[in-house]
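Below you'll find the structure, written out as structure tokens, and then a few comments.
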Amino acid sequence: MKAFDYAAPTCEADVLELLSGEPGETEILAGGTDLVPLMKKMLATPDRVVNIMEVSSLRGVSADSQGVTIGATTTLDDLLAAPELDDYPAIKQAIEGISSMQLQAQGTIGGELCQRPRCWYFRNGYGLLADRGRLVAEGDSRYHAIFGNEGPAKFVHASRLAPALVALGAKLRIVGPTEDDEVALSIEEFFRTPRHESQREHVLSANQLLTHIILPPASGVANATYEVRHGEGPDYPLAAAAAAVRIDGGLVTGANIVLGHVAPTPWIALRAAESIFGWPINEQTARAAGEAAVADATPLKDNGYKVQLAAVAVERALLRAAGFETGGFE
Amino acid sequence: MQDHEHPQRPDSGFSRRAFLRGSGAAAAATALATGPGLADAAQNQNAQKTAVVSGKGTQQIKLTVNGKSHQVEVETRSTLLDVLRYQLDLTGAKPVSIDETSGACTVIVDGKPVSANTLLAVACVGKRIQTVESLGGERPDAVATAFVHNDAMQCGFCTPGFVVAVRAFLDKNPRATEAEIRKGLNGNICRCGTYANVIEAALEVVKGGKK
Amino acid sequence: MISYNWPKYGESSVIGKEHDRIDGLDKATGAAKYTYDINLEGMLFAKMLGSPHAHCRIKSIDTAAAEKMPGVRAVKTLKEPGNEIRWQGDALAVVAADTEAAAAAALEKIKVEYEMLDVFVDDQDLEAAEEAKRTNGAGEDIHVEMEPDPDVDEDEFNVMELERQFKEAAAVVEGHYGISVITHMCLEPHGSTCVWDGDKLIAYLSTQNVSGTAAQFATPLSITAGDVTVKCDFIGGGFGSKFAADAWGVTCAQLAKETGRPVKLMLDRDQELKVAGCRPSGFIKVRIGADKDGLVTCWDSTHWGTGGPKDNGGVNKGTIPYVMVPKNYRRKQIAVMTNTGEDRAWRAPNHPQACAMSQTALDDIAAKLGLDSYEVFLKNLDNATPKKLGQSMAETYREQMKIAAKLMDWQSKWHPHGKGQAKGDVVTGLGMALHTWGGGAANSNCLVKVHPDGAVEAYLGSQDLGTGTRTVIASVIAETFGLPLSAVKVNIGSSAYPVSNPSGGSITVGSVSESSRRASQEALEGIFDKVGKKLGVEVSSLEARDGRIRVKDDKDNSLSWQEACRLLGMNPLEVTGKYEPGKTKTTLSSSQVGGVQMAEVAVDRRTGVVKMKKFVAVQDMGLVINPKTAKSQMYGAVIMGIAYSLFEERIMDRKTGAFVNAELADYKLPRLGDIGEIIVEIYQPESEYERGVVGLGEPPVISPGAAISNAVCNALGVRVPVLPLTPKRVLDALKGGKA
């Protein structure tokens, strides 16, 4: 680890004051489960680390008629226990998928959304867009992207909560150096595919802070997450999908279906949503939605199998959202 | 199974009724407006000042470990694991991976099981830190003795972390079933393969002691 | 002359009973001090810089900037300009500093210039390896049952005869199977803490070889082995990779000398995986022929694999085909030379791969003939080659198969390959495999001290790899003296103690049982002498039981252990028991075991995810000292088997030669929730007890690969050829693609 200055402010304003405008100069520390290992591997070398865990306004879950507001440093185990989130099984299922008690206790929702990719070329110091994408394309791409991989970015976004939050229509409260900088951003606009090494996988500037996640009410919205996981533990899924569906009179009247771990961002499967629209959810329609979700997949050399996994994840997320058995182990 | 009837696509303009538009990469292009730089913010007279601890040299901090307050000398980059092992000689928490993956350095901080190797020591000031050593001594914790009765150890390097994890898990789930144990204790790695015995040990504690 | 023997079957009071390990609480509460935990006054921390490139030549190394970094006390280069680097991570330089972080930060400042050389890491693709000239024929042989006429060329005859067997076979299967390179992943990484006392070195080393590593330090340091004490009270896993002092151990000692301070040098996780050994891969193309009952009559195989850059790496052809060797066979071994870290012994060297490459093919014969795999394995026991005490082990295997089948409920669960009932997308299947291993005792010396106050101590230059070595030794001595386990204090883990075996090859329990039984029996004779005189009875009439030395036929005529020991006078009684295989005649230990395992899996056909439902392991190991720790070894071996069958593999980037999954987060291992139900059964009829102790550590890790692969094949009706059986490989196999 490079030596760094450290501060633990207790209010948002102080956090913002301590953040530098230059990418990489300062890093925000929350649970530390990703940043600290990145610093150990010299993949993050900030001059200053700003610990936001002492800012009490950033923590906790509250609900009102407008929905649910979650502070960015709320830990995953607290979310799992929060009755305010009982209408959002897609979120709880995604957290349960991270089957490490320690990671759930220490990891925060904000950190979960901002964690860096698991791409092994990135983690081994070759860069996120290694050799303009050729290292992945010609190397070992078994866990890499099957969508959105035309450019140099071929990694998959690491967040496991993002598909659920995107499907549920979450907004993010983001603050910056001045009061005018405060915005409520639709979460799907938060993520982006970096075009060069200094860009992150989200649109936050170095001096901005994600403070809260705001969920619209989910009553009447059936929702679920399905992850295809190789095994238990904190290991990341091979592919995942979250579905949020409004069902009226047995027919789907609105659907958001979002794939995870298949693209450099959470991947909205519009054609899957279109395919299920106007139909009841059953084995056939769910399977058709899964097939529609992957119709335009562009797998790399080693990850053709992920196309099927993504389709199955969509199918099973829909079935699970509608209260059916998935046909798999769970 | 393959030749099911493909549902017809509704002819109404669906995409307008979907909650979302567009696909991830395309939709997320909007950059946020960035405000003035740090220098301007610093001039804001209302801003409260937070002490910045220098990364050069070491600092004296106080950590509360196993109920005792300790004065230790740390760098800002020292992890809690470094301090426990090298300053307090509490070597029960083990360095196995650079991150959370192994669970071998599990300690309980303010009642929660966390990894000492991903926590900065400076961030642990004022917190209650409990290590595996607090489960030993003259009257060892029931989890530790259950590990012994059920031989839930071989080389033993993962064992202290596992003992702490089981303690924390059972504190939260004192009546855990076998299925819950199999689901709940996946944060720890054992290479010798003691999992079957760990399950038995945890069940023994749930059932209230030695079989 | 003392007759060294075990108590009669059924008459032991300590051995054969379940005991908690005597150091268990120390391990469970963090009190046990491993090498990594040794903290000495003024200790420095050393870190190694590894080559980022897999194949290159060093042009220059500049350490000037690193030397100026805060907290740095010494910098040492380990390679010179001109040196060739043949795998990623090979050590170039080392820094000793006040803290680990300072040492790590200084490594970043070392400037190295490289000349890049061609990289080859792909061990699976034989054609690519041949094209890259990275193969070497490592042996070929052919055996047929028929003998040629005297005037016929034997080689030609053998080939023709083998082909004739294939023509006559009722079923022929041509298959491709394989098993990837895996690492040891010792949770305590390799390393040491070294400290000098004048010209004498104390090396706290994480080692499986306490007695054998002192000389490895001494020679490069130009001192004598007598000046080196190697200590290891607890070792956090070795699995065959920690027999040597290694370059990093010697370097640590040198840095300690140079700085005049204790130095700790433990490898980083990724470094350990790259440089400290791995298990060679094995890939095979095989043609196998059988008669209508599934008895294999002929075998023809070419197998290859890598053990790093060396030209003879891979699985020894002598182990192929595995255990059940048909009358006619040809086998060819090719080494693939790659820019990857060199292999080291890995729990049961050669056997897991040989089993996974052979008994999968056998199971495919069963599938082809539409037969129950159990019946085909049973039939092929006619070809079983392992022997114990000069007798074929076929009968042992038959008995073990019966027991395993009952525990698995094989008969009622069996369905022909691919013909099971699906529940949703999930299908289940059964598979089995069997194995053999030696496990005979090796050199061991045990010093037993009996003090006049009755205290008992034992000293051995042995170590506890996780076996429960201390508990085994205490059990044997307590048995001999008629004392409780707690009465014996066991000292191991120092090269200053009498020489004992390295812990490898499943020899530790046999070896230390030999020496500690001999030492304690001899010591007891000495005590019997005194007691006999005191009580006025023949020595031969005495026995040690329940804490007393007593007359066998007159049990009230006795002395307590303490009273008996007081007869020793002022000085403790000291006896060294010695065992040397080949030289010492023995009935205390023997060698060769069998073992049968069965797996039941569930496979999600649409995601390729495999889950363990149930696993049964039946294992003989001669006389069992402590069934509790023995069963733990079996559980552990099975779980390690599940690991390499379903999860772990070394993944190398073809272009750069980087070991891309060398952190624990990326190197997949099973978790507590992944193991399903495991049943371990010790096979110990009286005949097993009578043949004495045989080692156990390795054999149960051999069969899981084949058993699990066979179970997945039974579930799907399709062979997933290469282990580990990842979702990708399962789906690729179901699509008929390359796995």
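As written, the chains take the letters A, B and C, and residue 1 is the first residue of each chain.
The rule we apply is simple: a contact is a pair of C-beta atoms (placed from the backbone, for glycine too) under 8 Å apart; a residue touches a chain by one contact, two chains touch by 3 or more.
Because the structure is predicted, anything quoted here is derived from the model rather than measured.
Ranked by how far their CA centres sit from the centre of chain C, the chains are topped by A.
Pairwise, the chains sharing the most contacting C-beta pairs are A-B.
Inter-chain spacing, taken between the CA centroids of chain A and chain C, is 41 Å. Averaged Cα coordinates give chain B a centre that lies 32 Å from the centre of chain C. If you average the Cα atoms of chain A and of chain B, the two centres end up 19 Å apart.
Among all residues of chain B, those that touch two or more other chains are 75, 77, 98-99, 101, 183, 185-186, 189. Touching two or more other chains at once are residues 1-3, 37, 40, 99, 232-234 of chain A. Across the assembly, chain C contributes 101, 663, 665, 670-673 as residues in contact with two or more other chains.
Of all the residues in chain B, the ones that touch chain A in their complex are 4-7, 9-10, 12, 14-15, 17-25, 27-38, 40-42, 44, 46-56, 75-77, 79, 98-101, 103, 106, 112-115, 117-120, 122-123, 165, 168-169, 183-187, 189.
Here chain A touches chain C in the complex through residues 1-3, 37, 40, 42, 99, 118, 120-121, 123-126, 135, 138-140, 142, 228-235, 238, 302-305, 308-309, 312, 325-329, going by the rule given at the top. Here chain C touches chain B in the complex through residues 20-21, 24-25, 27-34, 36-37, 39, 99-101, 185-188, 234-239, 266, 268-269, 464-468, 628-629, 631-633, 635-640, 643, 663-665, 669-673, 675, 678, going by the rule given at the top.
Residues 1-11, 13-14, 16-21, 29, 31-34, 36-37, 39-41, 47-49, 51, 53, 75, 77, 99-103, 105-106, 147-148, 166, 169, 174, 176-178, 180-181, 183, 185, 188-193, 203-205, 207-208, 232-234, 244, 253-256, 258, 263-270, 273-279, 283-285, 287-288 of chain A are the ones touching chain B in the complex. Of all residues in chain B, only 75, 77-78, 82, 85-86, 89-99, 101-102, 104, 131-133, 135-137, 140-141, 144-145, 147-149, 151-160, 163, 181-183, 185-186, 188-199 touch chain C in the complex they form.
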